[in-house]
Amino acid sequence: MIVHSDEISRDVSVPAEAAPAIEVRDLVKAFYDVSGDRITLAAANVNFTVKRGEFVCIVGPSGCGKTTVLRILAGLEQPFSGEFRLHTSAQPAMVFQEASVLPWLTVAQNVAFPLKLKGVAAKEQRARVAELLELTGLTDFADARPHQLSGGMKQRVSVARALVDDRDILLMDEPFGALDEQTRLVLQQELLRIWERTGKTVVFITHSVDEALTLADRVLVMSPRPGTIVADLPVPFERPRDVVEMRRDKRFWDLTYEVWRLLAVSPEH
Amino acid sequence: MIVHSDEISRDVSVPAEAAPAIEVRDLVKAFYDVSGDRITLAAANVNFTVKRGEFVCIVGPSGCGKTTVLRILAGLEQPFSGEFRLHTSAQPAMVFQEASVLPWLTVAQNVAFPLKLKGVAAKEQRARVAELLELTGLTDFADARPHQLSGGMKQRVSVARALVDDRDILLMDEPFGALDEQTRLVLQQELLRIWERTGKTVVFITHSVDEALTLADRVLVMSPRPGTIVADLPVPFERPRDVVEMRRDKRFWDLTYEVWRLLAVSPEH
Amino acid sequence: QAEDKPQIEFLYSPFADYAPFFIAKDLGYFDEFGLDVSLAPKSGTAETIQMLASGNSLAGAATWGAGLFNSIHQGATVTIVATLARMPDTVPSPSPFMVSEKAWQDGIRKVEDLKGKRVGIPGPGGFGLYSVAKALEKGGLTLDDVEAIYLPPPATAAAFANGGLEAGWSIEPFALQLEKEGLGRRLVEDHTFGTELGFLAFNNEFAQENEDVVVRFIAAFLKGARLLDNGGWNDEKILDIVAQYTGTPKDTLKGISYTIRSEDGSIDLDSVREQEEFFRAQGSLEYEGPIDIDTVYRTDLLEKANALLAKQ
Amino acid sequence: MSKPYTLSPEQIARLKSHSRREKLHRTISYFSPLLLLLLWEICSQTGLIDRRFFPAPSSIAGTAWQMTASLEIFDHIWATLRRVAVGYVLGAVPGILLGLILGLSAPIRRVLGPIFSALYPVPKIAILPLILLIFGVGDASKYVVIAIGVFFLMFYNTLGGVMQIPQIYLDVARNAGGSRFQTFRYIALPSAMPNIFTGLKLAAGSSYIIIAAAEFLGARSGVGFMIWASWQTFAVSRMFVGIVVISAMGYFTILLLEALERKFVPWAKH
Amino acid sequence: MSKPYTLSPEQIARLKSHSRREKLHRTISYFSPLLLLLLWEICSQTGLIDRRFFPAPSSIAGTAWQMTASLEIFDHIWATLRRVAVGYVLGAVPGILLGLILGLSAPIRRVLGPIFSALYPVPKIAILPLILLIFGVGDASKYVVIAIGVFFLMFYNTLGGVMQIPQIYLDVARNAGGSRFQTFRYIALPSAMPNIFTGLKLAAGSSYIIIAAAEFLGARSGVGFMIWASWQTFAVSRMFVGIVVISAMGYFTILLLEALERKFVPWAKH
């Protein structure tokens, strides 16, 4: 029997060092569709904690509820039961899995969007946006409209937008999924650099075990739908990590195997 | 100096065995945006041939023109200059990179869409759709609407739709990008099984060199924008390929390195 | 046998002036004279003339005014055969010139006081304009001495209430309601004695080729008119018919003065000429000199109709 | 955890209760126009508005009851309803079809688009004589007047909807081997459906407005005629009964369309 | 291939020529309504339509010239234009705002939505005397009549547009820390823009239709008045000059709105 509280509480306070930044307890999310009278249990009893400054990756089979959990953390979805706490002064920044570039804005305006809403001075906006366009390799396309971008370019715009206003918690839903390995590598390194420098807390959904092991302090593995956390694996490699070196380490393959084993336990087919 | 013809011709005829299925010569595609008075050269002098029954992967940096080339082959975009020929009796089936599920249809109706347009009998449609839902692990969601699906599930619907009416040529634009490795592996194996059984010609865009080496007869590597084919690498492994075994082969790492080297030649940043 | 009856679609407007047709229809006079008549409501003279001239409709009734004169001048091929109605030579008038209660309280008691004031007129080119001009004449004013505002009766009530108008044209049963609600008073009632209001007309070709049908139609109309004008207004059954066609409750119809017509249905051409001159002076006519009424007005048919009716 | 997590019956009930509450709220909301009557009653009772012109709803209820009891009102409702229904269909069908066609075909849009834009603002009073000449003075010309009003609303809304179709859906149809007609039927139509329903609702409201005007003089039945006749005689109570009745007819038509929208556009928010 | 491929100047010219041709085609298409005049001329000349009632355009040209030379027509145009402009703004602004508000807030939509649905079909022609009562017989009541017509078109079109906003855009705003007003301003408004422009075009056409009817009441100027007065006195040529003028005014307003749409909604197809 699982005990869960129906009250949902969200604390906004800056905690002491190494204190938890995100606490999720017994989270359950179910969708009910009236017209089809169907209930979809998207996440069941999800429990995990992310410490302040930690980089956590979530992996799990398609449709297991990863996006759902992230959306709940971002306050975009109400949990059905259970509770979660974010210890942060600002809302977490989110990189959405779906195309989320606003079609009526140019690339630069899209990136500047959170700054604009905050009322940041135009000059400051420009400088910050230029920085992020440079980072994501979109400088040439600053004035282009979203419909003129390739899939990977749109994804990079979303990443730039999430980074632009430098928030404490970063929620990233397969942010590099549509990028070639070269670009992905560059952005991974840039993300790690930013993370190390700023001490952000990052929750990062990925399908690539390689990517998880390259980036994360810990890897959370989810079961198939209804998703729950079936393993919480610390990644033992020192930072900075050398992608090529790491692959020569037996622990890399052991961990890879372990994740694969967990994911294969009860596959959807 | 590059010679190219401005005439665009497209042959529809069934050729002799091992004859080319797709021929692309000196293909150039440029976009002109009036309001910004900007020209984007998306693909420059693309040349390649795909033989009937061949499985070819295209890799290349983000924004290099992969999608553009595929769209031209599918007849969805007009080339600026150069020519291409498809030797096929039917239009190629396409898996789009962006979300392309029709929101007003259920999952099953989306998959059945090409059959419905062809006027296939309802019973036959049902049987075929059930088969593909099973294949893509969506049987439980047959009557769900697209907005109730996860990102990976939507992508699987697109794949199922492209396979449903069994066309000669299959154009796939990062079809497994949003899938976890487990599901991706299953679908890769299924795709290979179908391909071997039916002798389809497949052009498959991916960002994963692993995936390309697992699937393809040949890997075409594109340069950064304006994209052109910089290498045409045959994949020497026997089929059926064992994913784990393959990684023990030195040729696998040599090829991987070669592709990486080519992609790194002139990166976008 | 009924199928052989000539079918006629007759254009009317849903006002009490057209009551003889309603009676002729509902009391079976048209049938009596071997006609199959259907009544089709129409909004105004311009449409009616156009429908008749083009042959889309065969018969109709409409009112005198600049529209009619101009259309005849432009070659509208209609045949006018009888009067529709004229104003009675008695008070209370069916169409009094009224002053708003507000203005009355503010001291406007005579037509002369209306100089420079706002006066409501239902529209340009019709009886309303003529009637208002006649009323103003009683106080030595012309239309140029007041500010003319085009407003139909329902809107006049509102304008009387909020001071938008000081005075205006009105017609029964609206005039009585204005009085009842304390919105207005009758100011002039004797300004349009005997004025011809309208006429009964046929499509030219039809009238030429079917004189007999036209005669019978007029006879039925005259029969209805006589019944009405000779005390018919007090007959419950007749009031029922009129109430139905005009959408006016019977109680409202009772005891209100209405337009009449000459016993034999003839038109008083002098009154028509006077109206024509008035509209010429207004600059509403698009031609010089008097119109040749005689080319469109055929009295012979009316005579035959009277004879037919007398024989019956 | 070997057994998968499942929801208890109470939890399921709680999950469903939300949408049940939604439904209840919607049902209640249908009655919110009664607030208008209440407001009117208050304004009239307190003399805030002139009772000669705006008699309180309670005071016109008697007239309404009379007209209902004598069944008189139903003849008018029926006459109006028939005219609206025929005119609506006559206008909506070509409006939707031409909206779809012009939306999908740039050349046709180039030629016909400006023609429709030029015809649209032509004052109806001006073309009424033409309509009468062609369709006669009977109900046919009333159908046409309504159809014209409905046509343009449907045309522009459908066109606007088609112009907003994401290119990818058209690409999907093309790639699936869709003919022009199939793209039309299976992509453009459903994709423009939300806009079409906006048009249908606007057109429904407009139809009643137009028929009220068309019945003003050129009819001897219908709620519009009843309102006109009441105005002519300053029978204010009767007039307001007519106004309330025709507004209620329009309101219920719009509600019906909203119910249809929920049924036929299940993928949209409502 | 060490040097990247570039386009030659001729190729660039060829690439651009397409959009230049597009622009030319669009410009030409603006004249397609002249076909209507031609058709009318032919019908009238061949006697297909009765010339007494529908004189050929060539024959009303004289009257038009006279009215232009005497500058009479410009007074009418100016009066109508002023009324339409004021009424249009008075109706469009609250229509768009309420459409946005009701679209974004389900509770407000629940309460006010049905009220608007009930008010919409109230026949304008019937309440005209009441509007005159409140706003007087001057121009104010004409502004109000137009504003009411414009309001509902803008309201329903904006609401329909807001209801179609993809959830992800609202999520983006929320995640970016957008306030309610910012979501309103930076997401709902641009997102509903295509529908708002559909509404603006419909409202423009409707305004001219409504003013043509409203100028029958208490006006002594305006193109609508001119048409009505001409019709009353059967001055057919003058009437048709008025009809052509008011239609042309509506047409140019719609063209202007389309140009604005291209400018302000550059991300949409046109």
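To keep things simple, chains are lettered A, B, C, D and E as they appear, and every chain counts its residues starting from 1.
The working rule: a contact is a pair of C-beta atoms (placed from the backbone, for glycine too) under 8 Å apart; a residue touches a chain by one contact, two chains touch by 3 or more.
Keep in mind that what you see is a predicted model, and the values were worked out from it rather than measured.
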Overlap of the subunit C and subunit E neighbour lists contains D
In how few steps can one go from subunit A to subunit C if every step must land on a touching chain? 2
If you count the C-beta pairs in contact for each pair of chains, which pair comes out on top? D-E
Could you work out which chain's C-alpha centre is the most distant one from the centre of subunit B? C
Compare the CA centroid of subunit A with every other chain's and tell me the farthest one. C
Using mean CA coordinates as chain centres, what's the gap between subunit C and subunit D in Å? 38
Rounded to the nearest Å, the gap separating the Cα centres of subunit B and subunit E is 46
Subunit D to subunit E: how many Å between their CA centres? 20
Hey, what residues on subunit D touch two or more of the other chains? 50, 53, 129, 133, 167, 216, 228, 231, 266
Which positions in subunit A touch two or more other chains at once? 98-99, 145, 147
Each of the following residues of subunit C touches two or more other chains, namely 44, 46, 50, 54, 154, 157-158, 161
A full list of chain pairs that touch reads A-B, A-D, A-E, B-D, B-E, C-D, C-E, D-E
Please give the residue numbers of subunit D that touch subunit C in the complex, ascending. 50, 52-53, 128-129, 132-133, 136-138, 216-220, 225-226, 228-235, 238
Subunit D to subunit A touching residues, read off their complex: 1, 4-7, 11-12, 15-16, 18-19, 167, 266
Parts of subunit E lying in touch with subunit A, wherever the complex brings them together: 168-169, 171-179, 182, 186-187, 190-191, 193, 265-267
In the complex, subunit A residues that touch subunit E: 71, 74-76, 90-94, 96, 98-100, 102-104, 113-114, 116-118, 145-147, 161, 165
Residues on subunit D engaged by subunit E in the complex (per definition of touch): 25-26, 29-33, 35-36, 50, 53-54, 110-115, 117-126, 129-130, 133, 152-153, 156-157, 159-160, 163-164, 167, 194-195, 197-198, 201-202, 204-205, 208-209, 212-213, 216, 224, 227-228, 231, 239, 242-243, 246-251, 253-255, 268-270
